[in-house]
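Two complexes are shown next, each including chain A; its partner changes from chain B in the first to chain C in the second.
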Partner chain A sequence: MVKPVIVGAHYGFRDWLAQRVTAVVMALYTVIFAISALMLPDASYENWRGLFSAGFMKFATFLFFMSLFYHAWIGVRDIFMDYIKPTGVRLVLHSVVVLLLVGYAGWVGQILWRL
Partner chain B sequence: MTEVILKKQRPKHLALNQIRLPLPGIVSILHRVSGAGLFLMLPVLLSLFGNSVGSPESYAAYKAVIGNIFVKLLLLGLLWAYLHHFCAGIRFLLLDMHVGIEKEAARSSSRIVLIVSLILTVTIGAKLW
Partner chain C sequence: MSSKRTVNFKIYRYDPDKDDKPYMQDISVELEESDKKLLDALVRLKAKDDSLSFRRSCREGVCGSDAMNINGKNGLACLTSMDEIAQPVTIRPLPGLPVIRDVIVDMTQFFKQYHSIKPYLVNNDPAPERERLQSPEDREELNGLYECILCACCSTSCPSFWWNPDKFVGPAGLLAAYRFLADTRDQATSERLDNLEDPYRLFRCHSIMNCVDVCPKGLNPTKAIGKIKDMMVRRAV
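Up next is the complex of A and B:
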């Protein structure tokens, strides 16, 4: 009998699952956001801002964006793993994407907590 | 030995003008393309969102930017990308749970994804235009 040898960094299943969990979070938020936006009396600045400044929606919006950035990381990384073969180029691209997404996360935090 | 024979007898069909990607394949590649497009446009979308909720002044600036016809068209394209990614994503989650994995069901659900995301894009796009 051949003993199975497990190789790899073991992040495959975790990322596969994270991509789906973040997708569900974003899908639920999308529905909640759509309903809340439709219930606004009009598209004035006060109403639009008020939509995101309320406690629950501020938290939910933040969660949506964090899910989005994690989801985007896995998706973009998969695209690079499929099409970019040279290790050096891939490393640079992966680093750029991670840094961008971390920056975006800070940006969103700043936008939401100023409300 | 069988492998060699099989390899030799395998029919070649490289008439590229006749090979058509089946509908589930089209949905799949569009899922990737729409995701990549949304990722690339994230700074634009975040900046628009930040301005729209920032202050009355930044809201006015945001309104002026999205009044531009080219910005409107770009946002309409991104709206489709989001909605397609959303609909195709729900389909993929169902496939993960082994719902609709038979060939016919998978084909009709991919047709539904393409049509529903287009209808939603036109409906929401018309309302926001």
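Up next is the complex of A and C:
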């Protein structure tokens, strides 16, 4: 039996755009974080904790990690699409990565808001 | 002083009727002074060993038949100067496509992708008496797009095309897709963008830019692909 090539999923554009937007978010956060960390008087636990207990920093850090996870999801999915040919295996790997990233996202929230 | 010189070649040989698997043949040939390009040398080689097979036609970079992998980089034999080439000259078929014989490859997949983008003007208005006019500025937009000769140097140097030749349109096809998206006389812009809105068909391009590096006509498929994405942003945002 000849297997037809099936394309035309009609997605991809949003992810491509999101990958660019999340990259900008991560770049901006890196600058903000670097400046904030350098401005700490010394690298003590109290200062470190103080840095992240500010509302803005919590928000920015959370946004950074959400961007990182979405960015990573698109990148890893692209790698699977190139190299993992059996559809079933790809589906399993996709699911594992999504679940892991969702778990990490919850973990990030828990760490940030217990500070 | 004689103007004749000997050039050493390493050529990919495979005849499915005779050979179990491909092998590299070491062969040298004496060139005449008039043999300026690699294609001249290959024609000279074929006179010496007539079992060597390759495609060629116009011998001036217009037909795109003699695309091959020359010293590791895709190019047209007829545009490659023998003065600048490193020896031994290693000739292989275009990577990623099935080999029919020696450096002749099966381009079915490549043309299938080209056809999938509907490489023709779609205009449902009644045809005018003479021609559909464009302003010089609108015509300008097609420069750097229409010159593609479909030699497949770009698509067969693209890793994304190697991994998904059946699903990814490839740089040549996408350059052609933008050629019609950019044409003010075309009325199928939305359908064309819908056709490319797919994780494989368009978004396998990761701007590796091998296509730009090898194009014998100096075209820039990556830039055209970027403009298709721009059009999608303008449509969606």
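Rule of thumb we're sticking to: the second predicted complex is superposed on the first by the 108 of 115 C-alpha atoms of A that agree within 3 Å, B and C clash if a C-alpha of one lies under 4 Å from a C-alpha of the other, contacts with A are read in each partner's own complex, and residues count from 1 in each chain.
Definition applied: contacts are C-beta pairs under 8 Å (C-beta built on N, C-alpha and C of every residue); 3 or more make two chains touch, one makes a residue touch a chain.
The structure presented is a predicted model; accordingly, all values stated were derived computationally and were not measured.
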Looking at the overlay, does A:F56 come into contact with chain B only (first), chain C only (second), both, or neither? neither
Which partner does A:A9 reach: the first (chain B), the second (chain C), both, or neither? second
Partner chain(s) touched by A:Y45 [first = chain B, second = chain C, both, neither]: first
Quick one: name whichever of chain B and chain C touches more residues of chain A. B
Check the residue A:Y104 against both partner chains and state whether it touches chain B (first), chain C (second), both, or neither. first
In the overlay, answer first, second, both or neither for which of chain B and chain C A:A72 touches. first
If we overlay the two complexes on their shared chain A, which of chain B and chain C does A:W113 touch? Say first, second, both or neither. neither
Check whether A:A23 is in contact with chain B, with chain C, with both or with neither, and answer first, second, both or neither. first
Common interface positions of chain A, toward chain B and toward chain C: none
Chain A-facing residues of chain B, complex: 32, 35-36, 38-39, 42-43, 46, 49-50, 52-54, 56, 59, 86, 89-90, 93, 96
Sites on chain A touched by chain C in the complex: 5, 7-17, 78, 81-83
Touching chain B in the complex: which residues of chain A? 20, 23-24, 27, 30, 45, 48-49, 52-53, 72, 75-76, 79, 100, 104, 107-108, 111, 114-115
Touching chain A in the complex: which residues of chain C? 160, 163-164, 166-167, 194-195, 197-204, 206, 229, 232-233, 236
